[in-house]
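Take a look at the structures below.
Below, subunit A partners subunit B and then partners subunit C, in two separate complexes.
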Partner chain A sequence: MKKNKRVLNGAIAGMALSVALSASAQAGSLTIASPQDPGSWDPIDTFLVNWASVATNIFDGLTYRGPDLELVPGLATEWEELDDGTRIRFTLREGVTFHNGEPFNAEAVKFTFDRLLGEEGGQGPQRSNYTAIESVEVIDDYTVDFHLNEPDPVLLTKLAGYGAMIVPPEYLTEYGDEHFNTHPVGTGPFKVVEYNPREDVQLEAFADHWGGAPKLDEVTYRFISEPSTAVAELQAGRVDIVIPPTIPIGMIDTINNHDGASIVSVASPTVEAIRFNTQSGITADERVRKAMIMAVDRQAIIDSILAGEGEMIASFQGAQSFGNDPDMEPLPYDPQQARELLDEAGVEQGATVQIDVRGNDATFGEVAQVVASYLQGVGITASIQPYETNVLLNDIIPAGRTGEMFQQKWGGWTFDFDNTAYLMYHTGERWNPYDSDAELDEMLEAQRSITDQEERETLLQAIAQYTQDRALEMPLYSINALYGVSDRVENFEPAPDNRMRLTNVDVSE
Partner chain B sequence: MTAAIKTDKLKRFKNLEFILGVLLVGGIGLAVIFSGWLFPGGGSELNLAYRLTPPLVEPGFPLGTDPLGRDVLARVIIGGEISLKVGVYSALGAVVIGIIMGLVSGYYGGFLDMIVMRFADVQLALPFILLAITFIAVIGGGLTNMIILLIISQWVQYARLVRGSVLSLRDREFILAAKAIGVKDIRILFQHLLPNLIGPVIVLMTLNVANNILLESSLTFLGLGVDPVIPSWGGMLAEGRTYLQTAWWVSVFPGLAILLTVLGLNLLGDWLRDALDPTGRTSL
Partner chain C sequence: MVIAVTLIVSFAIRLTGDPAVMLAQGAGSITEADLERIREALGLNQSFLAQYIGFLRGLVVGDFGRSFMGGTPVSDLIGRALPATLALAFASLFVSIVVSIPLGIKAAVSRGRWPDQMIRIFSLIGLSFPNFWLAIMLVLLLSITFNLLPPSGMEGFSSFIMPAATMGIILTATNVRLVRTTMLDTLRSQYIMVARAKGLSNTVVLYKHALRNCSIPLITYFGLQFGGLLGGIVVVERVFNWPGLGTLAFEAVSARDYPVLQGVITVLSLMIISINLLVDIAYGLVDPRVRKE
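== the complex of A and B ==
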């Protein structure tokens, strides 16, 4: 017994020594290449997926959704829907502290949502996702009631990310919003040590995290927007993980051919479509829109250009999306019928259309050219107009200044068709500059107030079918999220929505 | 003695420069002119089954195929059309405007000169890429717009060059004599002044054509240039970039085409400078 203990002691000492040794060799430090610096880390300021890929490690929400997409308790241990879904009572986790030592309690929750729904939140893009919340009431230190204007079937999911991340009231009151943008403090498994805008952000493990201490000591996110640079850094071993959306399909082989790194791909909510100007030009005619969809062999595009890293979609949502009907078929590839439809609509051979695309999207640049070539096959000449991404998203599409067709890439992180469909098809929405359909508006509004999930799913599927019947867009594919991962990374689980928590990730030497 | 040998060597080198320049520019020019006849398909036929075929593997694709299975050789040659068009038209346009502005400004001087030259200063202070991005965001991309953009950004060089020469020429005896016998201004400008200063302008133009081909390629590379459906060297470079490590031929051949064209033009320009101005009187 005594002998055993000594052996054990020796083993522990040996372990301690090896830990000390590896710590000096910078064990437990991981470097990630992210394509975009969100500029501000304040949860109410952003809608960027690359904000979330970092901030998921800094902040916690009341609920938590990991790579398996199951909604589990986060800072709230349990919740209960009351008053026909217009009140939700949350029981909060006890003994949680923010990185600065401030305690997490009901006041912090109230402060977070008062802020989000108040003046500060009004300046950012996040508030609109949470307008179903009327107020947050503190019942006691660890119980809060959310009073809702109307039931919001997706609210619990929305509480797991973005604007609903819980922020520290005392810290914010003392230092102000401006300071918080660059020096964020949350309850998450990592705390921010240093942030160099446009360069990197360095995180350090927060050992007191309620979910257990992370295995890594440090994580650095370097902002590298150029795919070739990020991949070269991965090959050189200066970066351990390249996160999406960085790696173009064309570089998959480059990484897989390299010893020491490989591609990890996972089905993601990101879908791509070419949407139509339904108001003017030849695409105002439903028959023309259908003909254009049928003229394009979407499966061939997925097989060749996407190297199989995608799946055909029938409506503007992926297979995991709530509201996707697995039995709904995409319009078939049928150039013969496409030609007939075009004749019927009186479209002359050589009619021209313009496709607006994001100029920096290498993969879609190829896809658009293939689409143009298929359209040529039925007698439509398509030109491609690349725009700077921000110009296209902030200027051209919302203002209705696109050509007949335009690229739309969409990553609905809630995995619920409501978010996508409402913003794409409801009259007057930002992403719907051309169409106005009373029947569709009515369906979109109706599904929001249905609490019965089965009934709501049926209605969402009907909406998807309706958009296909009217051919509001050419749904192309859902595309996998591609991670370039160095072999020294262990326990890496790719997150479909790019919101990956690094608690369990480790590195070997 | 040694000086004579040196000149002899230099002359031989100059001849070589000329021959190489003519061969490169002439060869590429001819290939581009007859590209429609050589490749009736326009280099835009997709063969997804043959995508990324390496060079010298399939007989139909001597330089391989790009990610969409298009013939790289056909696209390089047809893509030259865009590059040469942009290079030549924009340089010509800039020369015409620059000469007129420079002549008027240098000859008449005064207020007009001040306006033109201040305008030129402002123009020179604007970084090209900034000007290009703004211009294309407002007006839109495409071939014609790109040519206009290059003219706008480059006429100034010619205007300044011409103005400088006019200033040194306008008080010379032959101009004063022409004035004294009552020759009209327009005739003095175009018949007496212009032929005496055209040498350096032509040299500058040759070099500018080369420069504009590079600028066109960069703009298209950045996605600000011509429609990606139309083959162009810059566009091909951009498309091939992601495949650089797995399929080098997609971007290496258009890159080579740019290199050889620009090299050829520079050699010709260099030779032309010495031919037009053997003693190096006027410096560029």
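== the complex of A and C ==
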């Protein structure tokens, strides 16, 4: 009898499943290929962009920043900076619940930040981003005060993502951190229904979301690390969107030539430069550095090797970055003047330099080859030294053991030049093994304590100009984020930072 | 042996980079103090010896530790991946045995004539394929052009066809030659002549008398091959996004996820040891002489 019952249960479950499947087919399900499984969905555990691309659908922050990069209210409806920017008062959205039914309120905000800044957060990489926050004080159910150690001009942006995602206190207290890693609960437009580590994570629409019910019913993120496999799935129609960073430049045509899918690109925060050893070798001379920049036709590199999916940059930031001055021009391509500058600096024909690159970055390998041939044109012989990426990033660059030049790829989701500039140019920073410039240090420190955004922007632009005047690096380009998108996807808007919220996305049958 | 292998692997991967830095990549203003905290949480502040002894201690009670990426227990990850890899490995071996034995025998019997030549040429072509190339070609043809099979993932029988065929074809290429050579030797034996003289049919002679006597070297070889197969599967798993040990190991290396890599290597070494044991047992099954000793 018992056995029969089990069979019966199985049959019922099977029927339910088939009903569920047919229902989902009617009302829209979307499959996305993502290159990496972050392993944990807890906001304080990771700093991976592919965590964020999923998690932006599961969680909300106090502020929200969509594809247009405008900062708008999220779980906070308004905020006010007080006490010279050392206190921010947030008014919270009422009537919001977490996926498990738990109410969102001031206590949840306090709990989230106590956790992030406490012991649990200390074990992960997120805390360092929010150390400006000293404490969070509950004023009433829907008002909180953030007390800051020092003004942080980027804090409101940081509250729109990553470690600042609001988590449910009761759920976490009851089930613990470990359970939360694999069974996350937030207030976002989709809730997690199933997570298979290293395979996929399945989301279901959360109709009660404060921003309105999503149009899709189900979303599945499949983890596919091999680009050609992800593209094959897109071509076979089994994946609807391939998110960055997956698709290499070389596959753009493959997708565009395929019926039923195309590439959608958008300027991303990722920039590349070849930086100089400003301490020793011929690159210690500012004139030599300028000459090398002018010797390279960067636009030609973008057109040929990047298939146009990039934009020239004048400093080490993209056009959307706060602190980028649209009127600032890159140093021109001028081999004649480059030769004169080299003569003036007394560099002999056939002088050698070494460019250190990431060995697994095929596109940049080509870029470096082209750069080397342009340098050859002005009489400098460049050799290219590939390193395993981690070795280059962890051992070679921070220890100042690079050649005269080295590849630096940089992104940052805040789109604020502060993050880049401080880490690249301030004396003693990990990414700045060679240079020490008191004037630059002072400017970098000054902009951090200014809360007036206009004033800060001017200062950041001055910093950018200063780095160009000293030719601290050869700025190459900002790269576009490439999405492979099936024709059945509707209302798709590519997110520059890869944090693509799917509320308005729909599919046609 | 397990200790030797894991010791080398654990030591080598620690030379390649700091997982704390990997975790913090993209974190803007990460300081050395932050990194130190992360290392401490991962247990990386201890000496290598202490870490390794900790790993061995866990191993004794079946605890492989936790992944650095999100803290999932390694045993859970391996528990998911191992069946997928084993299923694919056996499917590939099965394909190869089912194809190579009849072809090898056919080649041996028609030695020097055209079926033999054809089979040898095909085997040469099969041997010259890099397996990832073959895999990509199969995907292009069967998934994209004809849309018959899923290009990746593990979703039932249809998902097995391409990866098993990829691995199977390459194994078959070697195995056909092996079967052919062994068979040629055996066919020259006196007992085959006796069997033929008794008037037994060709099929009975080949498949009952000759094949059984060939099986000792074949089993030895297939057993050895299984070990190599588990290595080669890493590439094929990656192309087909197969949720197995290969994919797991590959991602663990990229992310400097020491516990996962150590766990996978331990399981693989254990498997290769047990396969060798099984091979020895199999000798006894097919050869009564071994059993008696």
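The criterion applied here is as follows: the second predicted complex is superposed on the first by the 479 of 509 C-alpha atoms of A that agree within 3 Å, B and C clash if a C-alpha of one lies under 4 Å from a C-alpha of the other, contacts with A are read in each partner's own complex, and residues count from 1 in each chain.
In this section, a residue touches a chain if its C-beta (ideal position, glycine included) is under 8 Å from a C-beta of that chain, and two chains touch if they have at least 3 such contacts.
Treat the numbers as computed from the prediction; the structure is a model and nothing was measured.
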Next on the checklist: Contact-wise, after the overlay, does A:366 reach subunit B, subunit C, both or neither (first, second, both, neither)?
Outcome noted: first
Checklist entry - So, does A:105 touch the first partner subunit B, the second partner subunit C, both, or neither? => result neither
Checklist entry - If you stack the two complexes on chain A, which partner ends up touching A:220: first (subunit B), second (subunit C), both, or neither? => result neither
Checklist entry - Given the touch rule stated above, what does A:386 touch, subunit B (first), subunit C (second), both, or neither? => result first
Next on the checklist: One more residue to check, A:317. First (subunit B), second (subunit C), both or neither?
Outcome noted: neither
Next on the checklist: Between subunit B and subunit C, whom does A:228 touch in the aligned arrangement: first, second, both, or neither?
Outcome noted: both
Checklist entry - Of subunit B and subunit C, which one contacts the greater number of residues in subunit A? => result C
Next on the checklist: For A:238, using the defined touch cut-off, is the partner it touches subunit B, subunit C, both, or neither? Pick first, second, both or neither.
Outcome noted: second
Checklist entry - Does subunit B (first) or subunit C (second) touch A:38, or do both, or does neither? => result second
Item to check | Doubly contacted subunit A residues - partners subunit C and subunit B | outcome: 228, 388, 391
Item to check | In the complex, subunit A residues that touch subunit B | outcome: 227-228, 248, 250-251, 253-254, 257, 300, 304-305, 359-360, 362, 365-366, 368-370, 372-373, 382-386, 388, 391
Next on the checklist: Give the list of subunit C residues in touch with subunit A in this complex.
Outcome noted: 16-18, 21-31, 34, 37-38, 40-41, 67, 69-72, 76-77, 80-81, 136, 139-140, 143-144, 147, 150-153, 238-241, 243, 247-248, 250-251, 256
Checklist outcome for this item: In the complex, the residues of subunit B that touch subunit A are 44, 46, 48, 51, 67-68, 133, 137, 140-141, 222-224, 227-229, 238-239, 241-246
Checklist outcome for this item: The subunit A residues in contact with subunit C across the complex are 36-42, 45-49, 122-129, 178, 181-182, 196-199, 222-226, 228-229, 232-233, 235-238, 388, 390-391, 393-395, 411-414, 419, 422-423, 430
